[in-house]
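Structures are listed in the sections that come next.
In the two complexes that follow, chain A is the common piece, with chain B as its partner first and chain C second.
This part shows the complex of A and B:
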């Protein structure tokens, strides 16, 4: 028995629709729970009987959620910018020049990727405190200003860049930095976009370092803010879901605007 | 969990290297004549809601009464507050007062440099403790000295879904008083309503061991350790766990996700839930419009008296500076005063360390008349039995091993006594040698 291409396509779409529904359902549940009054939080109905914006009102009342979101955007953007810049410079140095210890430096950078952040967290904390960075956004960014992941991805991208073009730029009198900025970077937009997106998402999801460094809720970031509705004495699910919905909006916006690049980033770099 | 343990270990090592712990204390100042700022590490501040609001109110009232003292509140979740204190000590920041859970008691005293209050406050401690419950000071004692002043604490009570009782043909006004009755009621609820019968908040990752210890010590008074010798697999202690296993095998004990007990009860799917009374306000909100909530004292083993053990936390002083010590002591006194417990009990739901205030018009009398359910919790204060903390640097690991074994004994299929015995043998080498 043979199946027609239409049937096969239909079956494939059916599977994909099913998988998409599975992926979207938790997000849907988060959003609809955020509209539930407290007495309906544990109901299994697909939509609240009496939808309310009370949870959003309470979140805004008890927590400076918009300030926290702004802090998170600022922290994630600054961390991303710093990681891309340091990544580009380090990768360029490793690719452009052959120097004694170059391979060792590359290996050490790669190895540092394997060191969990928890290992360096306390020394970082002591240093950040001494530098007066406690409870500041700068304190969240500085220890993460360089990332092995960014260096390695950009290093691999630059290695594939034609040497002839770099040589031509040099013969035209361009210095190393000018070659990087005017020749290499414009041609590496795709990998830079990938690294930026992944660095942004990783910074956005950062939990442990802000947990340690930030002392006041108004200076906090969104992942710590969410914890604000969870305690040993139970969780405020309605408020938590309202805050989580608000917290996921910026990331959702990035997906909507940069959908193609985001998917490519995950495909090229592996899902992190 | 592993990350947290690793973090604790890393910080502990750093503390030892930095030589922070165990520093000698100076003589506390007689009075505060100049403005001083003290830090107050607090886990109620780390989450939104009544706990945070009440704590901020307490701090504001204290500052109003002590204009020379400024309190810098630092919030951290209850399972992270110790790490935050340790990290700040390593970083050279002043840690003055910290609210730590009772399981950290010995570690705080022996490794972190918490101040023994008898040495710092002298006679003032005994004077302040007048009016405490009989076991009040003992809750924070290590080797005869008070390091932690019991602050927000509670005992396990039985939350009852009265609607499920009625549906199962049981009388909610006569809730089970013994474990035998819990078994009967739990089976009836499970069989007749299709919902879950009974569950104790004794197994999950954030529950501590106060419910477990309460059950164990109610079976004859045996504790989970004797000195540094683990005894949680001894006969009476193991029999108590075997009783829970029997409840499980009979169908009276719910087989649910150990981290979801509170949600299961709040959703109206659990008939009896043994857990800290500190969640009373939350349970009342969840029950509103969904089911009728009841409250009963924790069940007993036949005629044996129950041994309700304290959940919650104590406040510890870490200040080294004499003036800061005075400020810290004044804050600790205020936090455990009649006025403070009126706020703590009526707004958050914890037990008052000073039971006299429940019959005092100026404090809790009016509130208690409006909230008679709370009496079930107060009834247990006379039998309050201090939670047993473990000593040595591996104390959390030992406690986790004990709890994991207990969970396996109840939820697994092996002989519960053998499971506990094997875990005890495995955990003993992690205890201090003497």
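This part shows the complex of A and C:
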């Protein structure tokens, strides 16, 4: 027996709709729980009987959530900017010049990607403490200012950039830095956007390093802020969900505005 | 304008020798074409003149000033690349004016010079477009404009026409020739297209395996190739080569018993193997009557190209192609071909060097045949 193409397409769509629902459901549950009064938190109804903004009011009351959000934006933006700049310079050096040890440098950068955070966490912590970066935003940014991922993605993008165009710039008298800034970078908008988006999201979701480094709640970032509502006596689900919703808003916004670029960058980088 | 002096220049990549001891003088205002198959080192040589490639050994001088260690932009050269290499994010005007911007020329001055170049090249209406909105020919013109804007002493062309379709190629070829006549800028043009080479060059340089095989005027190189390689590389269809052996009296014997040119006597030892060669257009149809001057031709295939016929066949077991003008009838019966002795070339099998007969009467074989 054969199935018609229509039936098959319908079945495929059904599966995809099911999978999408599975993916969206936790987000939906987070948002709707944030509108529930405490008495309703464990109800299985799909929508709160008496929706309320009480949880949001209390989050703002007990925690400097907007300050924390601002810290996080600052930290993620600075990390992204630093990673893109260092990535561009490193990739340019590797692509533009053939020098002894160039390939070794490239391999070492690739290899550094494989080093787990837990290995470098203690030395980084000691260093950050000695440098007086404990409990600061700078302390969150500096150890992540260069990333193998950014270097490698930009390296590949630059390798695909026509060599003749770079040579034409040389013939026109442009120096290396000028060539990078005026000729190469304007033509690498797509890969730079990809790297930026991925860097920003991963910095936003950073949990472990801020947990080690940050002491005061007003210096904290959102992922740490969320933990505030989880205690050994039990979790304050309504508050947690309201704070989590606030924490995911900026990222959701990025997804909405830059949906195409985000999807493309995930596909191209082949990760996650 | 400037002259270029290249003195025993070599280039190695690791262990590979790409350019092997080149000596070449390019006179002020000359148009030199470097011709050769891919991988012969012609582009590498050009890139060394430009400064895009380091020189392993030897010396390149522009106007007697050694430029080996000079940055590309300081050598007074401008280059037109094969893929045009336009800046994709800049408009035509910005592309042409970029070199001026880099050298710090004021905007107004820059715009003026860009406008002047654009009008010379017929690009005025395209100045605000991006390269992606241009046709191949227009891109080529922009690349030319970018090279011209700095009024360089030397133009370097790296196969600039190879990405264009046939018709456009002819048009751009004429345009480059016209520009050269107007500007008289010293030019070095690299190509593997022999028609481009023949039509553009004042001086034609044929390269092979990193060496110069022959340098001279196009007609000299075409009519008197100094090696088998040059003879074979120039001309379409290519030259025909007939293996021959020198006999006791210095004459070349083809196929064991044919001595079509008894008046050509070579100063070579008996038994030396050479190749006699002639251009397809040099052959004429002759009756198959056993006259010693004519070579029996076993016709296998005829191609009608409209302007001429190409006849493929065999002479003494060797594949040979000849061309006949369109008006000529192709004989229906077996026939022979005759070639004037002055149209014959001879090359040594070993090394492929040209060998000249030590004695040759000015008579053609036709006359010889008639006298006999």
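We adopt the following convention: the second predicted complex is superposed on the first by the 256 of 272 C-alpha atoms of A that agree within 3 Å, B and C clash if a C-alpha of one lies under 4 Å from a C-alpha of the other, contacts with A are read in each partner's own complex, and residues count from 1 in each chain.
Note that a contact is a pair of C-beta atoms (placed from the backbone, for glycine too) under 8 Å apart; a residue touches a chain by one contact, two chains touch by 3 or more.
Just so we're clear, the structure is a prediction, and the values are computed from it rather than from any experiment.
Enquirer: Will chain C clash with chain B on chain A after the two structures are superposed, or do they fit?
Expert: fit
Enquirer: Which angle, to the nearest 10 degrees, do you get at the Cα centre of chain A between the Cα centres of chain B and chain C?
Expert: Value: 150 degrees, nearest 10.
Enquirer: So, does A:122 touch the first partner chain B, the second partner chain C, both, or neither?
Expert: first
Enquirer: Thinking of the overlay built on chain A, is A:165 touched by chain B (first), by chain C (second), by both, or by neither?
Expert: In the superposition, A:165 touches chain C alone.
Enquirer: Taking the superposition on A as described, I'd like to know which of chain B and chain C A:96 touches: first, second, both or neither.
Expert: neither
Enquirer: Once the structures are superposed on A, label A:236 by its partner contacts, choosing first (chain B), second (chain C), both or neither.
Expert: first
Enquirer: Is A:106 contacted by the first partner chain B, the second partner chain C, both or neither?
Expert: A:106 sits against neither chain B nor chain C.
Enquirer: Spot which of chain B and chain C makes contact with more residues of chain A, would you?
Expert: B
Enquirer: Please state the minimum Cα-Cα separation between chain B and chain C in the superposed model, rounded to the nearest whole Å.
Expert: Superposed model gives a least chain B-chain C C-alpha distance of 47 Å.
Enquirer: Residue numbers of chain C touching chain A in their complex, please.
Expert: Against chain A, chain C makes touches at 50-52, 71-74, 77-79, 81-83, 85-89, 98-99, 102-103, 146.
Enquirer: So in the complex, which bits of chain A are touching chain B?
Expert: Checking each residue of chain A against chain B gives 38-39, 41-42, 62-63, 116, 118-119, 121-122, 125-126, 129-130, 134, 208, 211-212, 215, 217, 227-237, 239.
Enquirer: If you look only at chain B, which of its residues touch chain A in the complex?
Expert: 3, 6-7, 10-11, 14, 43, 46-49, 51, 74-80, 83-84, 87-88, 90-93, 206-207, 262-263, 266-268, 276, 278-279, 282, 285-286, 288-290
Enquirer: Residues of chain A touching chain C in their complex?
Expert: The touching residues are 162, 164-165, 167-174, 178, 183, 186-187.
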